[in-house]
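Would you mind keeping the following structure in view while I ask a few things?
As written, the chains take the letters A, B and C, and residue 1 is the first residue of each chain.
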Amino acid sequence: MGLFRRYGEKEKYKEIIRNVILAAVLICLAVITLFPIYYMIISSFGAPTEAGGASYSLIPKSFSLDSYKFFFDYSEYSLRWILNSMLVAGVVTLCNVIFASLAGYAFAKLRFPGCKFFFFLLLVAMMIPYQVTQVPLYILVVNVLKLQDTYVALIAPTLVTCYNVFLAKQFFTSLPTSVIESAKIEGCSQPLIVWKIVMPLSKTILAVMAITTFLGEWNTFFWPFLVCNSEKMQTIQVGLKNFSFANTTYFAPMMAGATISALPMFILFFSLQRYFLEGVTVGAVKG
Amino acid sequence: MKRKILALLLSAAMAATVLAGCGGSGSGGAETAKTNTSDTNTSNADASDKETEEAGNADSSKEDAAPAPSGEKDVVTALLPPVSATYQDKVVEYIEEFNAANADIEIELTTASWEDMTQKLDIQVNAGSPPDIAFVGSDGISKYLDLGMLVNLNDYLTDELSDFDDAVLNYFRNGDGTYGLPAYCEVQCIGGNKEKLEAAGIDWEGVQKNGWTYDEFREAIKKGVVSDGGSTSCYGFVFACAGVTAKDYFSIFVKNADMPAAFDQDLKYAYTSKKMLAFLEDLRALIDDGSMPKELSSVDAGKRWNMMLTGQTMITGKGLSSFERSAYNNNKLLAEGSADAVENSIPVEYIVLPVPVFEGEQHAQGAVDGYICLTGEKNPDAAHLQNVAKVAYYLASGERAANTCQELYLSPVCDSGREEYAKLDPIADKNEANTACVENLTTQVAQARPDIPAELSAKAIKIEDEVIVPKFQGLLSGEVSPEEMYQAIVDAGHEAFGEDGCVAD
Amino acid sequence: MAAFFYKDRGNNIMDNTRKKKMKKETFWAYAFILIPLCTFMVFTIYPVVSSIITSFQDYKPLGSEWVGFANYISTFKSSLFYKALKNTAVYTVITVPIAILMSFIVSVMILPFRKGIQSFFKGAFYLPAIASGVAMSFVWKWIYDPLPSGLLNSVVRFFGIENQNWLGSSKTAMASLIIMAVFAGLGQNIIIYIAALLGIDPTYYEAADIDGSTFLQKVRYVVWPLVKPTTIFLAITSVINGFQSFQTAYLMTGGGPDNATTMAGLLIFNRAFKYFEYGEACAQALLLAVIIAIFAVFQFKLSANDVEY
């Protein structure tokens, strides 16, 4: 790195002191942010009783896996909900990474008529509160296109989101134009430029895009709930919500379900970790 | 230049697609649906639902989804919440039973939590494709009625309607129409911890039988306060008031301040009366006495029940009769020494108590919920609606009503339900005094007001949500005085109904 | 004359090749945005246009009536709408800069560590987002528990501050929601910032080192301008989210006390689904979108006069 000062051998202790202070601050923050996850996991080991409502304790009082069993026994489709979520979130993530980065590149580095207009349109569309666009979208998908209870209905509206196109565009803007120009002079076609130069230089942000899209899709509740009536087609979040009752809640099983639904996210996050941490710079590619 | 032309062309093409898109659905998605299935006699929306369901079903092959034969079943869709603890499981059995017994009708069920179900219903209604049957509170029917999507059951049911208690059925009536069938009438009141009530010297049995006045209640909850060294370890009374639940506290108590409905018999807005000011001052006094926590405005439903079970309050609200079971279950866990009992909880025997009377007579709050029938068609198919009404009656009556009511610790509101109820195994260890009290309160439930036009009640609901509840939250947190709140209600009332449309005394 | 002619022809040749290149570029540009644009047209623009049309109607699913500007007029007359706008603006204007600055600082702080430690912190800050919804709302309710047993009240008591009615008092309700929002958005901002920070070429730092820059100077004159596109992205999307914010207020306070936390999003939701005044909800939503757009243009303008790398 170069942002932080490198101390020489003799002053090594200074570097250590600095890092310890930084780490202490970060750990304090991490304790705060990790607390909900900790709470979720310890609560999930409670018994699947209905009486108590939320438990407010920092230390688990009992340890049982009954709530996990309760979750899977709750519906014959419990496992299928997870698979549904995986399929939908996976396809949406893949499409977003491909199409949003292509479009982001076009907006960032190519000049074409209507460029500004389309980009402006994209931004404006993000500004209309979703509360009012939900009804026409529902009319379109369910009444007109008749896509109720299909994977298409779950996937299509978020195939490429404005958010991701905007994100990609902002990142590609900061790539040096000179590299792209020289590739063009060497006779590289546009798709090749994207594939050979832009994508490798943007691994980090594409990984970020992948994980945030996957997470967002994984956690979406309302749209899948709206367009799916049959239990078979529900996603994990819709299924989880079925635990919520009017005045009482199956608290521990709900937390068990939340923990199960969080697991794939952990796995995805740590498997993409490599890309997150690779500082890919133009220098690195050239070298 | 060329580029500009190209851009222009492209945006024109875009505009065209957009406009074409709107034309298609702006003139009504329902129409498109109609043409699709006009050859079958079934309700088009439902038939197409089924088609897409089959098409979307990854397991079934295309051949299975062949064109429907003429003898196809009429599909009735229902969107239902978890009405009682095991309702979601039981309703599946009921529906299987019904489908087996009726060769020509098939019920298709969607269940979801209360809040989610309401949101889904509201979006489907706005989109013009509601489910055939939904479960809602009777206080919400005016908005569906206003959109013209409710089915008047008078046209399809006759003898069946007389099965229900008229006073309860009235909650689903508006003008001359009957727009729903009640599943139960739940008395919403308050409840106390028997041991603590007795320790404070309160004759709870007398209160259960004869009710109590505000002054008696105020003295009683003062006695329930336990404090050591300046901090209160047990309050006399705690009501869940966080967020939107503040509405419950207001609407349950205001009934007993001689204002059983937002409008008086002459259809004048009642809350502008001076009685409102006195009522608000009285409620504020309970907090100032120290009998209720001053942080009342952010105690939520879970928290107050936790306070009840851990002995931090003598009386709590809102109280439902089924809370008896919840307390009973926790007592059992405590007795077994199980670690799953609520942390720091004590054995609590739950006692149903009526809401104190501020002025006038006892008017208990009765939450009447039930099944409504909806249609998204301008000219709905009568045969289909006949089937829908049949299903609604099936769900609201007999064994279904009996089981639901028993789980909620309530008595059924229809004859067929009562008949079946008698056949059920009685609830173990039921507190008979509570049962008697709830039955007594049920007879005192405020009368339904089918005479209030939907338009007026819509305006009153808006005032309640936008003026009364927010100001009330301010009153509870000590930031709005009773006078200020009263003035705000008067101003809003005058603006909505004119001075002539409001009660003045 | 001849010289002029040749020069001219030379220009023409240059122009032609450039034009050819341009055409190719234009073709690929449209090819790249084709699929996003189509999806966007169908699933985003169509609902938006439809809500614009609805905003001029008294919407009824079985047949709407045109009412001209009536929905807009009644919106402008509603004092609650202005109050909600004010609340929303306060919420956004305070939340967005704090959240962005905080995540920038945290991201920079993570940089000097080894990769393993970096990934631990990234996970720690980002992963809580997966516990969203259920677990989060329980935890926050516990934190803001108004009685002395509440987590935050235990903390403030330690500092000798008296018990606070966090969500129940109009003095603290908005602040409580803002704290929640800052923490909720932290993880997402941090991983996006880190992606940007890792993309900075070390040669920039080397150059700055040669100039004898201090750490703070490097942050100010090298890092901050280089991550600017990212900051703009985060600022604009956060402002949009802030103005549309609905869920937190809906779940935590329901808009109270005394409408102190009523947000525009909540108001629009209530209009559309509580009262079935869908036309007016659309009108309010469009007005809100216009306000967001003004903020966004303002943000773009503010950042436009700097150099882009």
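As a convention for this text, contacts are C-beta pairs under 8 Å (C-beta built on N, C-alpha and C of every residue); 3 or more make two chains touch, one makes a residue touch a chain.
Every value quoted in this text rests on a predicted model; they were computed, and no experiment measured them.
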Remark   = By Cα centroid distance, the chain farthest from chain A is B
Pair of chains joined by the greatest number of C-beta pairs in contact = A-C
Inquiry  = Need the CA-centroid distance for the pair chain A / chain C, whole Å please.
reply    = 16
Query = From the C-alpha centre of chain B to that of chain C, how far is it in Å?
reply = 36
Query = Which chain C residues sit where two or more other chains touch them?
reply = 26, 42, 45-46, 50, 141, 145, 272-273, 278
Key: Where chain A touches two or more other chains at once, by residue number   = 54, 56, 112-113, 134-136, 139-140
Remark   = For chain B, residue numbers touching 2 or more other chains are 3, 6, 21, 25, 30, 119, 123, 126-128, 302
Message = Under the definition above, what is the set of chain B residues touching chain C in their complex?
response = 3, 6, 14, 17-19, 21-22, 25-26, 28, 30, 119, 122-123, 125-128, 143, 146-149, 231, 241-244, 246, 293-300, 302-303, 312, 376, 378, 458, 461-462, 465-466, 469-471, 473-474, 476-477, 479-480
Query = In their complex, what parts of chain C are in touch with chain B?
reply = 26, 41-42, 45-46, 49-50, 53, 59-63, 80, 141, 144-148, 163, 165-170, 251-259, 262, 270, 272-276, 278
Query = Can you list the residues on chain C that touch chain A in the complex?
reply = 21-22, 24-26, 28-30, 32-33, 35-37, 39-40, 42-48, 50-51, 54, 106, 108-113, 115, 117-119, 121-136, 138-139, 141-142, 145, 149, 183, 186-188, 191-192, 194-206, 208-209, 215, 218-219, 222-223, 226, 229-230, 232-233, 236-237, 240, 243-244, 246, 264-265, 268-269, 272-273, 278, 281-282, 285-286, 288-289, 292-293, 296, 308-309
Inquiry  = For a test of understanding, state which residues of chain A touch chain C in their complex under the given definition.
reply    = 1-5, 18-19, 22-23, 25-26, 29-30, 32-37, 39-40, 43, 54, 56, 99-100, 102-103, 105-107, 110-113, 115, 118, 121-137, 139-140, 156-157, 159-160, 162-163, 165-167, 170-171, 173-174, 176, 184, 189-191, 194, 201-202, 204-205, 207-208, 211-212, 215, 218-219, 221, 237, 240, 254-255, 258, 261-262, 265-266, 269-270, 273, 276-283
Key: chain B - residues contacting chain A, complex   = 3-4, 6-7, 10-11, 21, 24-25, 29-30, 32-33, 36, 48-49, 51-53, 55-58, 77, 81-83, 85, 88, 108, 110-116, 119-120, 123-124, 126-129, 301-302, 305-306, 309, 320, 322, 326, 329-330, 333, 338-343
